Amino acid sequence: MVRFGKRFAPPGSAPGTLSPPEIRRVQEVSVSVIEYGPDQLAEWRSADADEIAAKRAGLPVLWIDVVGLHDVELLRRLGEQFDLHPLALEDVLNTGQRPKMEPYENLIFVVMKLMHSSAGHLESEQISLFLGSGFVLTFQEIPGDVFEPVRQRIRTAQGRIRRMGPDYLTYALLDSLVDHCFPVLEDFGERLEDLGQEVVDDPDRETVGLIHAAKRDLLVLRRATWPQREVVSAFERYESPLVTKEIRIFLRDLYDHTVQVLDMVETYRDLVTGLLDIYLSSVSNRMNEVMKVLTVLASIFIPLTFLAGIYGMNFDPRASRWNMPELDWAYGYPAFWVVTVVIVLVMLLIFKKKKWI
Amino acid sequence: MVRFGKRFAPPGSAPGTLSPPEIRRVQEVSVSVIEYGPDQLAEWRSADADEIAAKRAGLPVLWIDVVGLHDVELLRRLGEQFDLHPLALEDVLNTGQRPKMEPYENLIFVVMKLMHSSAGHLESEQISLFLGSGFVLTFQEIPGDVFEPVRQRIRTAQGRIRRMGPDYLTYALLDSLVDHCFPVLEDFGERLEDLGQEVVDDPDRETVGLIHAAKRDLLVLRRATWPQREVVSAFERYESPLVTKEIRIFLRDLYDHTVQVLDMVETYRDLVTGLLDIYLSSVSNRMNEVMKVLTVLASIFIPLTFLAGIYGMNFDPRASRWNMPELDWAYGYPAFWVVTVVIVLVMLLIFKKKKWI
Amino acid sequence: MVRFGKRFAPPGSAPGTLSPPEIRRVQEVSVSVIEYGPDQLAEWRSADADEIAAKRAGLPVLWIDVVGLHDVELLRRLGEQFDLHPLALEDVLNTGQRPKMEPYENLIFVVMKLMHSSAGHLESEQISLFLGSGFVLTFQEIPGDVFEPVRQRIRTAQGRIRRMGPDYLTYALLDSLVDHCFPVLEDFGERLEDLGQEVVDDPDRETVGLIHAAKRDLLVLRRATWPQREVVSAFERYESPLVTKEIRIFLRDLYDHTVQVLDMVETYRDLVTGLLDIYLSSVSNRMNEVMKVLTVLASIFIPLTFLAGIYGMNFDPRASRWNMPELDWAYGYPAFWVVTVVIVLVMLLIFKKKKWI
Amino acid sequence: MVRFGKRFAPPGSAPGTLSPPEIRRVQEVSVSVIEYGPDQLAEWRSADADEIAAKRAGLPVLWIDVVGLHDVELLRRLGEQFDLHPLALEDVLNTGQRPKMEPYENLIFVVMKLMHSSAGHLESEQISLFLGSGFVLTFQEIPGDVFEPVRQRIRTAQGRIRRMGPDYLTYALLDSLVDHCFPVLEDFGERLEDLGQEVVDDPDRETVGLIHAAKRDLLVLRRATWPQREVVSAFERYESPLVTKEIRIFLRDLYDHTVQVLDMVETYRDLVTGLLDIYLSSVSNRMNEVMKVLTVLASIFIPLTFLAGIYGMNFDPRASRWNMPELDWAYGYPAFWVVTVVIVLVMLLIFKKKKWI
Amino acid sequence: MVRFGKRFAPPGSAPGTLSPPEIRRVQEVSVSVIEYGPDQLAEWRSADADEIAAKRAGLPVLWIDVVGLHDVELLRRLGEQFDLHPLALEDVLNTGQRPKMEPYENLIFVVMKLMHSSAGHLESEQISLFLGSGFVLTFQEIPGDVFEPVRQRIRTAQGRIRRMGPDYLTYALLDSLVDHCFPVLEDFGERLEDLGQEVVDDPDRETVGLIHAAKRDLLVLRRATWPQREVVSAFERYESPLVTKEIRIFLRDLYDHTVQVLDMVETYRDLVTGLLDIYLSSVSNRMNEVMKVLTVLASIFIPLTFLAGIYGMNFDPRASRWNMPELDWAYGYPAFWVVTVVIVLVMLLIFKKKKWI
């Protein structure tokens, strides 16, 4: 079942009220900060908003990556320092958001979903991102290495990332989030393939459960991936000094990736529906087979049993010569067997012709 | 069944004719009035339109909350005092409206639906709201505490509500209505989960009824929640001095909430459809199992009964030595049992191989 | 089956050719004329176009209501007098039109459908209406009292109808047509509810026929009600001196009603689909039950019959002491019964555990 | 199966290559020419493009109707004389086109589909039409009388056709094509009705084939009729001196007809889907009935056979007085019959109560 | 199962990173170059980007056709020479793209899919195309003759291709790609037809697998053909000196072809869905038939066996004259046979009437 966990504020509470998420998905909140320009790089860890502010070196791009959401105080202080809107911060904490892109006066707020496949089913994690003038803030629910390749590219000054601004960093982060869908989808595709094999080879009662688990996972996937396309498209079309012109061609490429993801999700949907059809027709076929075995056996032996029943009757042969004279025939019993064998053969021939056996 | 109760005026009657709803859902009409500004607050109860007018202190925001709709005279007087259009008042009384937002010359009329889950199924209540210059009027069918948190925030001057105008109050009320959907959906989700368990563990004839009851409730939910999105969106885009600029960012957040509600409703729809599929395949599987038991038992005993029938035949052994010599064999009977046991074992082996037992 | 009756002109015939409808749905064409202004009222009946023209008093609003369509000559004369386009007149006669609103140079032509529920199924009647400067012409196929409340409001000067022009009369007529859907839908809802009860309690072969009759009626309803919304919307948005500004707020209210009608129709559609699902699962369940009875009975008695068959065998106890010694035991027969009862009890226990009995 | 016949040019061939259709649907290409003005009329037949050019009298409207497509040379000559684009001519020959309207610089090219019902299933014929300044060219695959009524109206100067230009002629031809759908649909509706009767009364294995044949025919119908609406709509909205203002009101009427056709096609689609549902539930019901007969008979006779089997056992009454004393009772046999009848009656009562008999 | 093969770059890698596709679908990368103007033609083969640059003769149109994608170095050099954007080159290598048309500053990048039907199922190949000022670059995954007719038309100066620019060449190539769908669809249609025959004549367990294989192939087809329409439409509407005005009429014709392809794909989808319905109803019908055989046989012989059982009972006729007097009747046994035959005939008559035999 798809549960939504109590990930919404109580109805009627004042907007912008920050309350920590009900379930702590990480033990310790950790914050990693990275500052860079074309030729410089500074990197440190700290969970104290004031320390972060103090340590800032003033390089062109500042990226603060917060993992874990239950330190509400840290969020509030970051919100004050970077002028984040309370409604946006509330959305960071209420992790039931759909992927969305919301422009605020001086920054852009983006929510994305990261898919994890754990223990055979899919889970989604909310990634929130603020793009402001000179800084990028990201919030993750649980630690993971999805942003690590980007950090590595910054460290090694690989590609153009060090030469460009926070909008390119934002693009790079979104790109790694969207591209992370591909291996998840690949895994899911293999799972469907196995299921497809099982449905054909050996479907049992649990198969239908597995099909429906796949269907539910696909629902989660669709909820997470459909709005991504709009997010990227809104980003690309958004007129603001925060999004420079050079970045748009990269966003168009990213948009293409989101569409490819959707394409695969939709294809999987059709495949799962097809699996259920095969399963049901397979169950029907098995029932048919069972019925045929019963019918063939019953059709052969029921008449024979009647025949045997006849010669078990006690009509008195002495009463008249019409009463069961067969019983006294010298070859009555062999004749009975001949008739029996003939009946069986005829029956088998009929069923053969009907392709039942 | 989804009934619509006679909640429409007789066809052909003059537009704007006010007739009380057929079913009184509350014993006594009650009116609670609250007036406030940044530093002042007045609150009283009265069911007399003239008394309300007389008691008005002239504070920036006046909120009149009417619970119960059958006092048509009170509505008419309020309509005159606040210049409400008769067609809008008619819609307040005909509670079969869809959620909608209708701008009139000097005020905005909003209809929303509040979901109640009672006795295992969902019911909707119509909430009507007028936003005018300096006042908000709300009409509820039955008493409930959905607006209580807002009233509390006004009383305790919590958040910005006391510093802002009637448009913010309207936002706060709509927000509490929309957010009220989340616990209702949460309950519904738990109900679906229980049903999902029942379908897999122990489906019986009533299960299909429960699935369809859930489906019908979902229909009610969709009818109530789909138009909410358009209501909030129309509100946000509406150009009027009644909706100040500061409010729009809150309305955008509210819009997000309506979309999240729809998302959950759609997910539940897919889940309910899936439940029916599981149920049907489960019924098929059970039939299959029944058939197998019958087939296995019949396949084993029908041939054996034939065998026993043979040796119950009365062919006369004295007529010839071909007639049933087995009966006179010293070990005929034990041989019969050996044959019987062999047949049973062979049958069991065959069925084992077919995975029927 | 939904038949369309030969309600179209022969292909290739010149446009604007007037031919009477194939089926006369009324014996006698009757025309009722009503003329009114704020203070005056004239009303008479006549089936002669010239007489109507002669009797005209020149009051602000003239409403001619024609019941029955087979007097082609009358239509042609009215068409000449009021300058109606031949293509519009042709549409009046070819009653297979969809609801539509067509502006002509100096008048507006509206086609609506009126639903009748007769003998347990729904039928639609075409209502055509011309709104011109100072006059309204309506054409009905069969007599009915759907316009009577409007006529009554004119006679008694109830509401604003006498003070307003032909556009308000048009609105009032359309309003009574749309609102007439509500009782029809209410009836249909009750029929669905009865059917829902029958499907659960006692489904038989006719039930599926009834469900499909309901489905077909719903098709008729949808065909009649979907385009109504566009008609009213086109009317509201149409810029012409024929539609005054005061009328638009009423048309918006009427639009809401058409949307409510559609909402109910769509809900019923979902319900009917659900009924079929319940019916099919109910049939499956019954089959299951039948199979269980057979299986339980057969499983109990087939082994017992085999047992009885054994002791009916004629192995000669005198041939050896191995041959059926049980037959000679003193308590052989009671022992047989004990074994029988034990087998029955064990079987019943097994089936009890499987929840088959 | 819906085959598309090799009605496309080989891939990679130069655009505008004219190759005759693979299947000759007519023996001889025939060309009928008609020229007319308000007071004049000339009509002749010729299959030679030069002769046609030579015979032209210069009247306001020239209509050349070509039946049969395999005379590629004739088409090429006509194309040169009337300045038809090679791509359009190619589309005339490749008869797998969808209905479409394509404006060229100095003429309009229209493709329509004409439905024929032959030998119980539907076939479509491509009709191509060029509207130029002063002329109309039509191309049909097979001879038929669908344009005959228009020709007759020209000859007899019936209606306004002689007074108007080639655009009105085009309208008249399109109108006769669209209106030709109505009798085809009417026939189809009757076929569905018969099928509906058969499904309820006496469904057998062929019924499902007939339902699917109807479904396939409906697919052909939809492919032919859906784009018609866009064709007429594009025609109506097309700004060109070729389409005069007077014609637009007629095109609007024609548009209405195309929408009515679609409406019927969609209704039939729903009906056919419904038929399949009834068929399947009917098959289920029959299976149920078969099962009940088997179960009732088996349930009655299996216990009785066991009873008879008991008294066929050979327990020796002489061994003890416990061994089958019933056999020696004076009224043992009548008692057996009494028990038998009682069992039968009880069984019948139970089945009666279960409504199985 | 639809697998996507690892055809995407690792998530988080820098955009524009060129990595060769995982599966080499061709042994050797081959490049064929053709340069032409109205009167001149040069053609050669080379797999070295520098050699190609050196050999260029400067004719109006240069077409470089690369078959095989794993020579990343060649691509990089071509990219530098023709100023291709790294993101576009990355898309050439990641062959999981959807068909798309992307304008870059000085060139247009087009991705199309070519369908191959191999070993009874469909596969798609990615064709990438760059249209720049004076040149066209195409990239194919595997060698094939889909572009051969175009090359032939260039060589033989057939049609207008030599007189026109690289945009016409692009059109000609896209046209041959789209038209290549028709024979593939034709083959698929024949496969469906065979399947349709098999479903009706002799459906077995493998049939459902074949139906689903067809369904999956159709998914591949849809993914490849749906976006083609948008590609061509975007091309036609794109304002750039790269797309001359003369070309647009050809692109419109090409657009029509893409729509026809979609039309066929959609029709096949409906047909495949229909096949599954026929298959399931066919399985149901067979089950029904099996059940009838069992029921008829059991219904006839079970009562008879009971009858025979009665006269096998050992009630002692000597105990009283009520005990089985039939056994001593002179014609008891013949009477038994008469009763038996009568029962059989009555049963057969009943089943005949029920149309079971």
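By letter and in written order, the chains are A, B, C, D and E; residue numbering begins at 1 in each of them.
The rule we apply is simple: contacts are C-beta pairs under 8 Å (C-beta built on N, C-alpha and C of every residue); 3 or more make two chains touch, one makes a residue touch a chain.
Note that the structure is a prediction, hence the values are computed from the model and not measured.
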Compute the shortest path length in steps from chain C to chain E over the network of touching chains. 2
How big is the rotation relating chain A to chain D when the fit is done on Cα atoms? Please round to the nearest 5 degrees. 145
What's the call on chain B versus chain C, same or different interface residues, using the half cut on shared numbers? different
What's the distance between the Cα centroids of chain C and chain D, rounded to whole Å? 26
Within chain D, the set of residues that touch 2 or more other chains is 280, 284, 287, 291, 294, 298, 302, 305, 309, 312-314, 324
With chains as vertices joined when they touch, what's the shape: line, ring, star, complete or other? ring
Looking at the complex, which residues from chain C come into contact with chain B? 146-150, 153, 158-161, 172, 175-176, 179-180, 182-183, 185-186, 189, 192-193, 196, 200, 249-250, 252-253, 256, 259-260, 263-264, 267, 270-271, 274, 277-278, 280-282, 284-285, 287-288, 291-292, 294-295, 298-299, 302-303, 305-306, 309-310, 312-316, 319-320, 322-324, 356
For the complex, which residues does chain D have touching chain E? 1-4, 6, 8-17, 85, 87, 91, 96-98, 100, 102, 104, 205, 208-209, 212, 215-216, 219, 223, 276, 279-280, 283-284, 286-287, 290-291, 293-294, 297-298, 301-302, 304-305, 308-309, 311-314, 324, 326-334, 336
